[in-house]
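A single structure is presented below for examination.
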Amino acid sequence: MNRVVTNAQRKKLTQQNENRARMLISCPDQPGIVAAVSRFLHEHGANIVQSDQYTMDPAGGMFFIRIEFDLNDLERRLEPLEVDFQEVVAEKFQMNWSIHCASRKKRLAIFVSKEDHCLLELLWQWQAGDLDAEIAMVISNHPDMRELVESFDIPYHHIPVTADTKPEAERKQLEVIGDQADTIVLARYMQILSPVFIEQYPNRVINIHHSFLPAFVGGKPYAQAYERGVKIIGATAHYVTEELDGGPIIEQDVQRVSHRDDVESLKRIGRHIERIVLARAVSWHVEDRILVHQNKTVVFN
Amino acid sequence: MNRVVTNAQRKKLTQQNENRARMLISCPDQPGIVAAVSRFLHEHGANIVQSDQYTMDPAGGMFFIRIEFDLNDLERRLEPLEVDFQEVVAEKFQMNWSIHCASRKKRLAIFVSKEDHCLLELLWQWQAGDLDAEIAMVISNHPDMRELVESFDIPYHHIPVTADTKPEAERKQLEVIGDQADTIVLARYMQILSPVFIEQYPNRVINIHHSFLPAFVGGKPYAQAYERGVKIIGATAHYVTEELDGGPIIEQDVQRVSHRDDVESLKRIGRHIERIVLARAVSWHVEDRILVHQNKTVVFN
Amino acid sequence: MNRVVTNAQRKKLTQQNENRARMLISCPDQPGIVAAVSRFLHEHGANIVQSDQYTMDPAGGMFFIRIEFDLNDLERRLEPLEVDFQEVVAEKFQMNWSIHCASRKKRLAIFVSKEDHCLLELLWQWQAGDLDAEIAMVISNHPDMRELVESFDIPYHHIPVTADTKPEAERKQLEVIGDQADTIVLARYMQILSPVFIEQYPNRVINIHHSFLPAFVGGKPYAQAYERGVKIIGATAHYVTEELDGGPIIEQDVQRVSHRDDVESLKRIGRHIERIVLARAVSWHVEDRILVHQNKTVVFN
Amino acid sequence: MNRVVTNAQRKKLTQQNENRARMLISCPDQPGIVAAVSRFLHEHGANIVQSDQYTMDPAGGMFFIRIEFDLNDLERRLEPLEVDFQEVVAEKFQMNWSIHCASRKKRLAIFVSKEDHCLLELLWQWQAGDLDAEIAMVISNHPDMRELVESFDIPYHHIPVTADTKPEAERKQLEVIGDQADTIVLARYMQILSPVFIEQYPNRVINIHHSFLPAFVGGKPYAQAYERGVKIIGATAHYVTEELDGGPIIEQDVQRVSHRDDVESLKRIGRHIERIVLARAVSWHVEDRILVHQNKTVVFN
């Protein structure tokens, strides 16, 4: 399959970004945080090119900031900078913080079952250069998409899952992931991951599911949505926590429907929203645009 | 308050519409319905100017049609036409049907409590000539909006409601409505109407409430939506049935929000969506664009 | 590449639809049209399963209708039905009409240059069974996408075009299309087709282009949109006429942008809207949902 | 007319905000700006509660920041703080900057002609406490809305305008505005203001107009939009510059339409979008969320 972004082009993009870093900080709000951080970066020769800041509830609330900065010779200077930052700034303000090199792309392990629309959108956007990540592998409990995935030169791991073999299957999944991927994307993966698995990737497992106003509980939500004659259907992408479908929401979107849409049509429209919403959420994650506090996200996009 | 549409203009609009009728039919689907109806109208001198038809589930499903037609001297000829139609067409096809003169506007009784945003939007659209109805009265369990409503020359009935006096209050409400209004609009009326009351106005009580993806149960949905960091909030207008907030949905809409929106901001945005969605639903109702089947609407807009 | 819809499934879908026809009619409005058409269909044993009708300007205006009907043994009975209809109904009402078998899928010739996003979306939706058409071939003035297209078992014709060779190139294009395709989709094809070419496919050449509010003329619209700080960008799909980008609009959609989106980001978002809007327009075309009158479309979706 | 927000409530809101200031800065980008500003504010005892920063084109580009901060005893300490800031920070970085007290509300002079929908929306949002401004006066070239405006206890100035009397009329307008208002809102004011007038209020005259994809030039855009069958109509709010409708865009929004919408319906929908978009733009202006650079806005909302 021909690539829109050639390797040469990719390399050029990487070079442009090789001195670009993204810093995420959350901490209890108090006076002087921005001053301390920006002075630190300035004194270390970094040039802030973009920053977003948000304070949740000024009185006794939380402070969040995302800073993009350029620093010459980043690769070599990052580690001492991190050591310094912890000592000079972070400890004083009780910061929860991280710095990410733009050139070290996030590496995705995409989990999929039998529906391919979310996987295809991620592959398409990755191929077009719109998804700034590496796709390390695809893991599926079914063999169906091997040919598709391998045609993109991406490894495909078929790991069947049954009620009995689930713990064993998760062990295999963790084994093939190893240190090859840092982010798990559940692209319509129809198995529930165990808390043990999820704990390995805190705020790094992204799931997509359909959403309705009002919500419909039970096994056939599209049939219920049709029976009730909803006028809008949607999808929600969220980080996975132990509470099923209850983790921090990353992105949501909707589309209008009408009485003319039968159950099949609602499902088709639902698939289109799901792939768009999941792709947006994954993009923001890999560009380090998301901070999580308690059960909600702060998305700087 | 000056009126955008003067009485003279209103009269002119009415004259244009005085021969315009709208027909709504639902019945079990079978061959020949459209032929029978359109032949009937043609033979009675009516000119179909617009029609919308929809069949739900071709095999053994339901047939819905909305027809706008012009008929000279409508006022005088409508009643015999209705008698004929029942005999010649409707019985054969087991039709649930009605004909509405466009010139006989629906008459609304608007129920309101303390929040005025939905009421104001209806008054504004009515005043601008965008809501093709008469506002017969406003009924409230609070005295607060009397001055506002009376400034539009609309009667205001203050009928207090407590847990103890509710049956008595509903009797008073039904009494003041009498035959002055045919449609009840709950424009943020914070009392639950009894089944006895609702039965009087089947598919003629319209309610508005906020909606979220996912839904939040309990008393403080906006606080919960904030805690969960939802990215979209919405509103749903529906016909009221005995099942609280479970009646046929007429219209829904949403707006994007972000982590920057605090609870107050979410509520403000929620109010804006509520007034837009309720006004749209009421418009469609008064223009006879809605058919109800089981628990869903077919909206021809 | 694995197919979501297997050939067996496709065959099943086809059988369900093999007696389904879609009828499109436009004519000057006058009383009795619906009666005449529905009586005709009823008398010929057809069962109307869905119909949409619209009259543009009741006084001396135009009448449009789309009817879906089922007729046993459609394949054999269609031709005599068409002969009858012309004699019995169409002539009397000066109708412009056509009947389409749902089982005879439209056959697309997709034209493409170097950008692949629109082509990929069409291939994806076709593969997912969401685009009810056959893709007969892809024609390009560049060789780049041969491998991609052929991986879907679709013929790829590379026909280079220069200012000098354009008439000759168009002759070749018409030759390879022959009777293999009935609809031309310009999926970011960056050559202007000659009036001679377009005349061959009246209201059967679909184009997509970016759209802005306000419109920007000249060669670099995204740069201009960035300079002006637009908050919304969009795309328009339309039938191609002799007037460049001036033909009947089929579908439009937009997405919000902000000052944070640089020119590259605007272009990326623009590509996403283009592929969604083009795919929707092509879907409606192949499902016979579009009537054209003068320079506008009536879309029954 | 009863007020949703009583004076007592308004006073309470004001007290909460009396120490809140908003700072807007734009300047050529260079290292150390954020550090210098936040250190300055920190050393002066200010507590940054929210900040948004954006750099346009990192290499040799422009730097924009909006900071909300709290400072005890703001009213008394603001002026010396401003003097200091100019000396200590602003000169060094060639800053274009301003500080606004949240408690000193912007004062609007709303210009209107015969259409009242935009005026009514502003009055409604102001009355509901959603528009954080004072409405100092309404100026109109027609007498029609005096009663409406005066019912809100807002002064109404009827200043007729003809081709001959325009310069004289503008002199009168400037005279009645005097120092009573700082922002001009053209709420469907159908006269073109002269450059001389506009110069008095740089980036402080806000206009609203309809927008289409594609744009239609000439006197009857809605008729043209109908003829072309557009599927989306919109509105644009912008700052007024000498170039007619060519100033920096503040906000845009759209709504879907269909072939069923006749010219009157398109106009009605257009009015609804105009009032929503204008109200949003005015809100952002009065909350100091907009910076202007060259011909575009940076909106921190």
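Just so it is clear, A, B, C and D label the chains in written order, and each chain counts residues from 1 on its own.
Going forward, a contact is a pair of C-beta atoms (placed from the backbone, for glycine too) under 8 Å apart; a residue touches a chain by one contact, two chains touch by 3 or more.
All of these numbers come straight from a predicted model, not from anything done at the bench.
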Query raised in the report: If you average the Cα atoms per chain, which one ends up farthest from chain C?
Result: D
Query raised in the report: Is the contact between copies chain C and chain D built from the same residues on both sides or from different ones, judged by whether over half of the numbers are shared?
Result: same
Query raised in the report: So what's the Cα centroid distance for chain A and chain D, whole Å?
Result: 36
Report summary line: Note: chain B sits from chain A at a C-alpha centroid distance in Å of 43
Query raised in the report: Can you list the chain A residues in contact with two or more other chains?
Result: 54, 260
Query raised in the report: So in the complex, which bits of chain C are touching chain B?
Result: 29, 31-35, 38-39, 41-42, 45-55, 58, 70, 256
Requested in this report: Please name which positions on chain C make contact with chain D in the complex.
Outcome: 54, 56-57, 211-215, 226-232, 234, 236, 245, 248-254, 258-260, 262, 294-299
Query - List of chain C residues in touch with chain A within their complex - result: 1-2, 4, 116-117, 120, 124, 128, 130, 144-145, 147-148, 151, 260, 268, 271-272, 276, 301
